[in-house]
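Pasting a structure below so you can have a look.
For reference, chains read A, B, C, D, E and F in written order, and residue numbers begin at 1 within each chain.
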Amino acid sequence: MMKLAVFLSDWRRTEDSFERMKAEKMGVILVGNGVYHAVVKENGKDSPVLSKAGANFYVLSDDLTTRGFTAANVNSKVKIVSYGDIVDLIMNDYEKMAWI
Amino acid sequence: MMKLAVFLSDWRRTEDSFERMKAEKMGVILVGNGVYHAVVKENGKDSPVLSKAGANFYVLSDDLTTRGFTAANVNSKVKIVSYGDIVDLIMNDYEKMAWI
Amino acid sequence: MGAVNLLFVVQRPPYKSENPRLALTHAIASQTAEIYMDDGDSVVPIIVFVGDGVLNVVKDQQAMKVYGVTSTESHIKSCLLIDLPVWVCKEDMTRLGLKEENMITDAEDMGAELKTKFVSFADIQKEMESVKHLLFF
Amino acid sequence: MGAVNLLFVVQRPPYKSENPRLALTHAIASQTAEIYMDDGDSVVPIIVFVGDGVLNVVKDQQAMKVYGVTSTESHIKSCLLIDLPVWVCKEDMTRLGLKEENMITDAEDMGAELKTKFVSFADIQKEMESVKHLLFF
Amino acid sequence: MGELTLGVFSSLVGSMSLDFSFKLAEAGMAKGHKVNMWLSGNAVMMAKKGQKPFKDYSHNEKLMKELMSKGMEVTVCEACAEARGYHKEDVPEGMKRASMDWYLAKTVKTDKLLHIGGE
Amino acid sequence: MGELTLGVFSSLVGSMSLDFSFKLAEAGMAKGHKVNMWLSGNAVMMAKKGQKPFKDYSHNEKLMKELMSKGMEVTVCEACAEARGYHKEDVPEGMKRASMDWYLAKTVKTDKLLHIGGE
């Protein structure tokens, strides 16, 4: 098994590897338009991305505020991080990265 | 009402205006990766694009063969056309174009 | 020809692609197009945000502060300032849980009189039927 | 370091974006990377097609004839020719109605011995676990 | 015979929408129509001359020049070009640079408009 | 301190993945890491100097130069650049051009790889 950080940079997703991938430790890092998974409830529901079992969720603060959202909008499952925090996640916490 | 030609150039679609748009006469022109709607049956089913009520469907021959498909693969609802035919559809048959 | 109506339709969210921004800057360019046209001709654009495109209209965008790039918000306000109609699809806002209070409703801070119009898809459909050309971004 | 394993994962269909092609050309470049490396080091790539990416492996692509551009098929065959493993996800083929007879199974016409391998996602998962780096295109 | 205006916003290499646009323009002109083309966004990549015709990459410069020599008007967005570091001296012969209002003005008289807005 | 290699394939203006990459590189270097960057596909748009810093467009040339002056290695794909008409004389100072094998070789010694493969 592995320690895997998955970067999501888009809101609509057309690939389905994410659902199938497994990791001993998985981080899901929401950047770019991926931040919408942390703040938008389509038809009143959380994004399906947030139901990935066992994963830790992170959202890039700068990309939230760029799009008009703030900490107050962020789903409680998701931790708000800075660019520096993402560096630490990459260098210290995860072995492999997948920008999907 | 209007005569509208809709161009689809992608396989996975994330926008939903197509389903909602209405036209007296509608042409759906499948180009680029939009040609997959004419030839791929996901889980054994026709692409939902082909269920657009009242529409005429066209697929660009060159973009089919580029991707390894031929006339034999094309859904019977869809007419195979050339670049020249698309010019005629634009100039003679439809008033407005929407590349969505 | 007289006045030619154009409908700019933005259907994608901001920042992930350049096209929502280009929709706005192209629509605004209608103001200066007369130098290329005959006397009496003009182009009259409306810009509508549908589907995930409504995310462009969320207020308080900090793109300039964070990335040094003009926000989509700023361009939307520029449209209102020059009396260029900005429409937003209500059904798509509801679907994405966005309320009018979350959105750019005006550009009063810039001195604009025109306000954003929240409309149904049926209104957008009517506009599609009446204009000469459609420009989907 | 010795041999470092890399997994190239192609998850998008061909032609609509440059990245499936770039995945193939980058993987092939592993052949010449030794000029930048210490003695004894090497990179060992595998390229896998998953999700809609399996559409890259449909045979008889006429991109050169129609658009004057090398087909993705031709690049896949170049991989086989240099013994670079090409894997295709079986479950995704089934979902899209593609059979092995529709696919590029070999490059015998170019003199290649290696053949395309049709694998399950579980095999791909195992490979993800064993390599040093992942490169998703 | 009519007039067709194409507005294209896709990059030189990538979606192949530029390849599509030039082939459609070619077919339109073969049928006697007047064709105009507006290149904006990443499609201003056409405004850099000297592109090497590798077989692994889309290459449209040759066909574009041929069509311009037969009367196709091609204009690129000046600001989009400058932001990418393409200057006046980079422009292939026959191509014009202008502001976005050029395109807006073309929509008035053209019979049909095919606006390809995305990548 | 470790070594981080970024492989980026997105266009200068568009997805903002290049903006993301340079800001991430900046944060990584601020923490003392060595950062390498490979630019291929449409990301070779960074290999054309003289980009005008308009506020309406992403502009990364300034930050890139600053990071290169602090030791970040930036190499662009030579073939991808030539196909787009970017030649040797277009390259901003400090940037290298190489074949794709440069990037492959970097993956051997780097501690971590973040490969941003799409637009």
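Methods note: a residue touches a chain if its C-beta (ideal position, glycine included) is under 8 Å from a C-beta of that chain, and two chains touch if they have at least 3 such contacts.
Here the structure is a predicted model, which means the values were calculated and not measured.
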Could you tell me which chain lies farthest from chain C when each chain's centre is the average position of its Cα atoms?
-> D
Rotation angle, chain C onto chain D: superpose the C-alpha atoms of these two copies and give the value as a multiple of 5 degrees.
-> 180
With contacts defined as at the top, give the pair, C-E or A-D, that has more of them.
-> C-E
Chain centres computed over CA atoms; the one at greatest distance from chain E is chain A
So, what's the distance in Å between the C-alpha centres of chain C and chain B?
-> 28
Where chain A and chain E are represented by their mean Cα positions, the distance between them in whole Å | 38
Using the average of all C-alpha atoms in each chain as its centre, how far is it in Å between chain A and chain B?
-> 35
Among the residues of chain B, which are close enough to touch at least two other chains?
-> 9, 12, 14, 32, 62-63, 96-97, 99
Among all residues of chain D, those touching at least two other chains are 12, 15-18, 25, 52, 67, 132-134, 136
Out of chain F, which residues touch more than one other chain, so two or more?
-> 13-16, 23, 41-42, 56-57, 59, 113, 115, 117-119
Topology of the chain contact graph, where touching chains are joined (line, ring, star, complete, other) = other
Using the contact rule from the top, write out all pairs of chains that touch.
-> A-B, A-C, A-D, A-F, B-C, B-D, B-E, C-E, C-F, D-E, D-F, E-F
In their shared complex, chain C is touched by residues of chain F numbered 13-16, 19, 23, 55-59
Touching chain A in the complex: which residues of chain C?
-> 13-16, 52, 55, 58-63, 65-67, 71, 73, 95-97, 102
Please give the residue numbers of chain F that touch chain E in the complex, ascending.
-> 11-14, 41-42, 45, 48-52, 54, 56-57, 59, 79-80, 82-87, 90, 119
Which of the residues in chain B end up touching chain C in this complex?
-> 1-2, 4, 14-17, 20-22, 96-100
Once bound in the complex, which stretches of chain B touch chain E?
-> 7, 9, 31-32, 62-63, 82-84, 86-88, 90-91, 95-97, 99
